[in-house]
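One chain, subunit A, appears in both complexes that follow, with subunit B as partner in the first and subunit C in the second.
Up next is the complex of A and B:
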């Protein structure tokens, strides 16, 4: 019965009217993901109306399965990166006050394995960086989801500011799409501010 | 445990809730200006990707190896029957000694992701991406890297086919009935997706796609698989016109 209720509640939640996806034009863009994140993209992007979490915003060029920039804007302590589908059976890791920036890739990996049925995920590289003047970590990764069998590559930069997690990821299929748009993401990431 | 598939399906329901009827959803698209005359092209039929399982009460897909095997055999037979009536030379993909099998399989998966994106962001007109909408075009593809594959040499187009079916469990069917009494909370039972697409082997562009999240035909049976293949190949470019089969 619990599963029945979960299914029904998810169905009801899905019934809320959806707003249209919107254009992100070149130029200054404040308050991304309902946070102090800002950027000044030089290319056009599409901002999805879909919300994967309270402080999560997704931009894409061709659809989030093909190229996806996700802004996690100030996830507070005690909260997961994305909205949990099943808190009881599939709880997600939560941001903790004592986390270090080196914990960010691990948290992303754990979240993906639980939430998106990611069977293979590897963190390929990690290096120190700065995000809006704050100490940050830049890392690259690869993963494959069970549902579509597509190998994807990712690149991300994250930091803790005021105890909250600020993270931006770029992900796309390793075949063709990652290389097609990675420079657009890098140009966007270079303009990030907090 | 394919949560993302569930979320996408939920998203589609939400889109429908905004007033866009299922009937308004497009199912076929092609690159503007693309035509294919009969007898002018060599088409490589790629190995179909087929997944069949059950949909749990909560809407999660659970694989069923027996059903998947049955569907593979049935779809293969139906495609072999349909192959000669497509108006152009259609040959089945052969890896031969190229060693490109894994890479070609990856292209099949990538085609699936592209097709899903076309359904979600082009066929659902209310959900279009502003950058795509403005161009008023059909601008999708898998990249021109496919032109360099030796095992596809001599082909003009690749025909990719994906089938993904989740049959509603008893619990899911009960939930569907219960939801009928909750105003505005329609819950569907079962997922029956299919993609058939032609990719230009010189450019990697998707030039024709027929795709839907609500396809007919029980692929676990020979008759159902034949119906599914007919639906997948409906409007196939270059195919001689034929009278619709009885009962469809």
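Up next is the complex of A and C:
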């Protein structure tokens, strides 16, 4: 088991371009993902320099294949969650002003299936929550990608504020890694403000 | 066959000139199959290399979370393959059913065949599925994989052909070639033609209609056009851009297959009813995945084409409602509500219908009606994993 975990850890970590990260130290952090998102992490994170979209920011502790927090900061109506790689053949679903809060997990799932070759994804629990004082949805999910076949778990909180989508997700391999860091994510999520 | 973003397109060249005597069969485009060697073992260094890779890729497929393990599906696919190519040929084949929404099947040198759910969703009869499986088996029987391997080794610098794989290349980190990719070979035009013609011979001997392989390509073209139209694109673009310059249209393939089939006995039952019965347990799941592809036109085409065969049953009506609700324009929400109700009237039993109807109505501003439906869902499924969220929506 240990050897398996180490193998998985090394295999996945090796894929992450670690050099490009910048440190997020503990303390107040405004303007996350180029938006009004702010947080006050109690411990250190790394911010990836990779941009998946104009209003997307990724934090990780040990490499985004092992644990990954993604902030989607105010995606406006008509825009996809992440930058489209093939607009013509694989257009992504777009945020719409009249979406219900329950459309947030649907949109995340559809985006993953199209953009990241995720062909199995299940939304597990969905419950009401608040995000920076706004009505929000908290949901959990599981997925596996076609390319690495690793089963991953996710937990997220999202809301529409002023017609824009604000969403934070935490994802990690279901085996061992998700549980290892989920409390660190929850502590971080508890400090989120808009 | 190879995988594109949605379709596997073997690179059929302009091979009309090659028609006539099949290189695999001797004189007439006749029915006599070449002698088949069972339990073939690799002979050369290159061949052994291909087999080692295939064994490794097969392990990956076998253990993949994407494999559809429900009892019966892989056994059924095997029955269809055996009917198509005959029991002697299919004896050593291992089939893996993979939950991947692209239209694809492929076979490796060691006798491993993978079949994707996107192919199963789009097929309307055993004959259609068999046409694709037979084509793949023909690559295997003709041992095309060896040349594929050599080509691939030469192409490692560019990996140009992977560029047309769509989603598989959309990785947020670079990684080694995936198990799925490793199991798919690249073939040349002549190999495609040879596989088409040998595949047609299997079909003609199988009892399935000989005209089916041609129809499979026609239906794929129609889906591509519908998909483009749904995205406000010109249908023709798809056939000429990029990759398609060097690997021209399915049209030629469809035509030469139809011409060759006309010279063969017509064959018999496509076994559409049997196929529908076998797929029934998986259909809702395959449809749900397709709807999430954000391809309104293509998905509507698939639904229409399935309904033309089977009629608008509850699963297809529900899927159509989902498709419209997902696109989500006000007019779509209106139409979705109507299809949900038709699905219910047609016998759709699942409680999620009330939830999704309620959400469509709510999103369209029909709050009272929407709450009624959501309450019906909550009454039926008080402990559902989303019950808390739905209850909050009703309360607001």
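Quick notes on this structure:
Following the convention adopted for this analysis, the second predicted complex is superposed on the first by the 174 of 194 C-alpha atoms of A that agree within 3 Å, B and C clash if a C-alpha of one lies under 4 Å from a C-alpha of the other, contacts with A are read in each partner's own complex, and residues count from 1 in each chain.
Operating definition for what follows: contacts are C-beta pairs under 8 Å (C-beta built on N, C-alpha and C of every residue); 3 or more make two chains touch, one makes a residue touch a chain.
Remember, it's a predicted structure, so these values are computed and weren't measured experimentally.
In the superposed pair of complexes, A:117 makes contact with subunit B and with subunit C alike. When the two structures are aligned on the shared chain, A:93 is found in touch with subunit C, with no touch to subunit B. In the superposition on chain A, contact is made by A:137 with subunit C only, not with subunit B. Contact with subunit B, but none with subunit C, is seen for A:66 once the two complexes are overlaid on the shared chain. Of the two partner chains placed by the overlay, subunit B and subunit C both lie in contact with A:50.
Within the superposed three-chain model, A:176 lies in touch with subunit B and out of touch with subunit C [touch as defined at top]. Across the two superposed structures, the residue set of subunit A contacted by subunit B and also by subunit C is 15-17, 50, 65, 85-86, 115-117, 146-149, 151.
Within the complex formed with subunit B, the residues of subunit A that make contact are 3-4, 6-8, 10-18, 20-23, 44-46, 50, 60-63, 65-66, 85-86, 115-117, 145-151, 173, 175-177, 180. Considering their complex, residues 1-6, 10-11, 13-15, 17-18, 49, 56-59, 61, 106-107, 109-110, 112-114, 116-117, 120-121, 126-132, 140, 142-143, 145, 171-172, 174-175, 178-179, 182, 184-187, 204 of subunit B touch subunit A. Within the complex formed with subunit C, the residues of subunit A that make contact are 15-17, 50, 52, 64-65, 85-86, 88-93, 96, 98-103, 106, 109-110, 113-117, 119-120, 123-128, 135, 137, 139, 144, 146-149, 151.
Subunit C meets subunit A in the complex at residues 5, 60, 64-66, 99-101, 117, 166-168, 170-175, 178-181, 231, 233, 289, 292-294, 326, 328, 359, 362-363, 385-386, 388-390, 392-393, 396.
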